[in-house]
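Can you read through this structure? Questions will come right after.
To keep things simple, chains are lettered A, B and C as they appear, and every chain counts its residues starting from 1.
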Amino acid sequence: MTFGGVILKASLFVTCIADMMYAEVGESTVRVLRRLGVDLDFPEGQTCCGQPAYSCGYHKEAAHVAKKVIEVFEHSERIIMPSGSCASMVHHGYPELFRGDPVWEKKAHEFVHKTYEFSQFIVDVLGVTDVGATFNKKVTYHSSCHMSRLLGIEEQPKTLLKNVKGLDFVELPYAFDCCGFGGTFSMKLSDISGAIVEEKVDHIVETGAEVLVGCDLTCLMNIGGRLSRRGIPVKVMHLAQVLDQGV
Amino acid sequence: MAQGTLTGDRQAFFSAIRNNIKTPPGGKAKRVENPMEGLFTQRETTVEERQVLRDRFIQEWNTLGGQAFSVKDRQELVGKLGEIIRERKIKQAMRWDHPELEKLQLEDVFLQEQASLSKWPLDKDYQTWIDQAEAMEAGIIWGDIAMAESGTLVLPASTAQPTTVCILPITLIAIFTTAQLVDGFYSVMKLLKKRYGTSLPTTTTFITGPSRTSDIEMDLTIGVHGSKYVYACILDE
Amino acid sequence: MHIEPSFRRRYQKALADQVMIKAVKLGTGRLRGKRAQAIEEVGQERWANFRNRAEAIRLHVIQHLDQYLEQLIDNVLKKGGHVCLAKTGEEAVRYIEELAKKKNAKNIVKSKSMVSEEIHLNPALEKMGCKVIESDLGEWIIQLANETPSHIIVPAMHKNRFQVADLFNAVNTGPKIPAETADLCAFARQYLRQQFMNIDIGITGCNFAIADSGAVTICTNEGNARIVSALAPTMVTIMGMERILPSIEELAVMLSLLARSATGQKLTVYNTLSTGVRIGEELDGPQEFHLVIVDNGRSKLLGSKYEKVLNCIRCGSCLNACPVYRNIGGHAYGWVYPGPIGAVLSPLYQGMDKYGELAYASTLCGACHVACPVKIPLHDMLYALRNDKVELEKKGELVEDITFKGWSAAFATMSRYRFSIRMARRFQFPLVKAGKIAFGPPPISDWLKYRDMPALPDKFFHEVWPELNKDRKE
């Protein structure tokens, strides 16, 4: 597939969480995008977007890492991230981190303009709503906070899911409520975080879905971890993994 | 009237403010001109249109837990009032001293029902009128301005039309004609501005339905402090 | 981030109080639903216009606060009202104490005022021997329970009707009141009505003061403020100095937003616009009116990056939206303002040292920002407060300081990053069982208390990439 006769070039910023813990999500991301005709590369040198430090108030440390990221992707035309909160770290955190910096503020803004979250790229840039996948399961979708509230990406992932053949989509009650992860919040205030994720899991169970889909791996790790601890057999998958099924 | 007094160090109080207020690079935010523009409906209404507003008011008021109805003339109003007096078992009520209410000769209606209707002021002495007012089972007022879209009575108070009458009794009966109806806030505020400028009456009360609370278990309960039973009788103009 | 044991104790106590948590979840759920319904009715686009307008109105007022306050003060004085300018809470309390003494006041009836909670007015007046009664039903309940509000607009949200019945029966001299809402409200009406009849001084809060008319607006659903201001011979209104609007036209916008955001109503039942002292032959309304304008830390926020927090109209919708508030209730926050707005206001008004940790009592989910009718960027402010805590106050936690310095050094270089995650994979084996980790040492033990963690896989993505990229033509 080409877009107006041009093959789209893009770079994958896989994010540290996918690199470290969910290589299969990275793989699915690559396969899905390539199937859609995107010429995807994976620039060497990439690490983490800097969000953990930024969220804890360590802006200097976050900026140090962010600069490295900006450099790594300097020559990329488009950057795709399979993680909503990392993409919103780029969109909202980077301009904030470098505000007033004569060199880096401009670079940060350039970086922001070419960065897309995975589902946003497919629906809004490629204009594709059906990737041709088949998945015969009952599926529900958790809407991650930063992705929906900071990036405004709400419908794109659901549109893609609803167009998967055989997929029985069921709305998650309070889908927009936070899962309780919140980075170090989940460890520092683990009792509160535990109470919040418990509500989320209850809502998921209510739907009767076999699979919970999300676009943010940290939320999925949190919710999946609780499902696993409670012994609930709901499978947790990233959107890319579902779109990679049955093709 | 005697000017009030100011306590506290005005200069110090204001220098703390002025020293901190900054002018942002693009200049301070300008005052929003026409703040209500585009947010509320705004129209001059004809008699026919006000009948639509009347129906809207009735719908809103009833949804809020009040009872509103339209009456063609005094005779129909008298019938309705009699029903209310019997339904609420009202023995004594008070009313505003208002020319429109005067015209309706409501005292006769109460007499017919073996009840009494007193006109404000009940008494000049504070303790006396307070005790009397507290004993009143209903307050009757003229709905000076009625806002259809939210089911709201707008009541500018005055010597003859005090707020006490519309807040103390458990039953409130508002009477007005369709000529009093406006669509929404835009028209109300423009009307108040036209009428009073910045010299507002000592109190202007906006009443939107019966007194309510959800303070116990979010369980909506009517009539905790103000009126529990609220009636709006809308006469055709 | 260092979490003080005191805060930890408070929220753990809250988490353990199942009755309270159930009540708070019910309450916030109801309010949230009603608000959403109200917005649906208004329409998303018009709602967005409302919020933009309200934000613009508040922004202008805050940047011209001196002018509007001057205008308000002059107008109130002109209409015969007295004004007290209180730099601190103590100054405000002292003024009201002296007034109570001068009036030889025995019975003081209040309608809801968050500022009065902020300045601890009730204990001071009670100490002088005055009987102070809160007339808002929720406020009265918590007064009887000797507690502080747990929600800005539903102060006794954390109590159920059985607890309320016990509190009411303790002051009730008649037959026992059953734990039914209607009976409880009927008792409150009758009991509190007696208090109104003997009122010496009435104290109210202020939702909005109107600068060009010298008026104060008080909004209540119950009508208690209306009764206070009709019957009290002396009326005191306490306002935070930022609660001001230029004219009644702006008021129309704010009242429409306030009611919908707070409870989903089109308008609060009683909105009273009062200019204070009765005039001419009027028989009701106060003979004396005192407007107490309180700074108490507000002026130092002007011109700062936190200035927009002064936009707040105290609707409480950020509380209902907040997953942390919904799970711990209001008291755990420690000061009078709970939830996201409290997590920002408390450290700013009361000091970073005392309440800085509240900035971390958030998942940073941003629901507060979206819920706010005047568009306060609460979410961004929580980030900023965390940064202030770390950089300006050097109040980061040692372990965390070291962690993030190390993290920053390692994650800025690919080779070091890859080396460190490889090391982690190599040494995780004692913890891994069937592909997941269920037990482990601090700090991951905190995570593992409620959830499992996937083990680091045999292959990282960057180790898989060469295989994936085999067929790609450069």
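Please note the rule applied: a contact is a pair of C-beta atoms (placed from the backbone, for glycine too) under 8 Å apart; a residue touches a chain by one contact, two chains touch by 3 or more.
Every value quoted in this text rests on a predicted model; they were computed, and no experiment measured them.
K.L.:
Starting from the defined contact criterion, work out which chains touch chain A and chain C both, please.
P.N.:
The common neighbours do not exist; no chain touches both.
K.L.:
Of the chains shown, whose Cα mean is nearest the mean of all protein Cα atoms?
P.N.:
C
K.L.:
If you average the CA coordinates per chain, which chain's centre is most distant from that of chain B?
P.N.:
Looking at centroid distances, A is the chain farthest away.
K.L.:
Using CA atom averages as chain centres, what separation in Å is found between chain A and chain C?
P.N.:
Distance between chain centres, rounded to whole Å: 32 Å.
K.L.:
Roughly how far is chain B from chain C, going centre to centre by Cα mean, in whole Å?
P.N.:
Each chain reduced to its C-alpha mean, chain B and chain C end up 30 Å apart.
K.L.:
Quick one: chain A and chain B, Cα centre-to-centre, how many Å?
P.N.:
For chain A versus chain B, the centre distance works out to 53 Å.
K.L.:
For a test of understanding, state which residues of chain B touch chain C in their complex under the given definition.
P.N.:
Spelled out, the residues of chain B in touch with chain C are 1-10, 12-14, 16-18, 20-24, 28-32, 34-36, 38-40, 60, 121, 124, 126, 129-131, 134, 149-152, 157-159, 162-164, 167-168, 185-186, 188-189, 192-193, 198-219, 221, 223-227.
K.L.:
Give every residue of chain C touching chain A within the complex, in rising order.
P.N.:
Listed in rising order, the residues are 1, 3, 11-12, 15, 323-324, 327-328, 360-367, 369-370, 379-380, 383, 385-391, 396, 400, 404-405, 407-408, 411-414, 417, 421, 436, 438, 443-444, 446-447, 449-454, 456-457, 459-465, 468-469, 472.
K.L.:
How about chain C: which of its residues touch chain B in the complex?
P.N.:
Residues in contact with chain B: 23, 26-27, 30-31, 46, 49-50, 53, 56-57, 59-60, 63-66, 69-70, 73, 75-87, 91, 95, 135-138, 141, 154-157, 159-161, 164, 181-182, 184-185, 188-189, 192-193, 197, 210, 212-215, 220-224, 226-227, 229-231, 233, 241, 246-253, 255-256, 263, 265-285, 289, 295, 299-304.
K.L.:
Can you check the complex and tell me which residues of chain A touch chain C?
P.N.:
Touch list, chain A to chain C: 14, 16, 18-23, 26-27, 30, 34, 39-42, 44-48, 50, 52-62, 64-65, 67-68, 96, 145-146, 149-150, 176-178, 180-199, 221-222, 224-226, 228-229.
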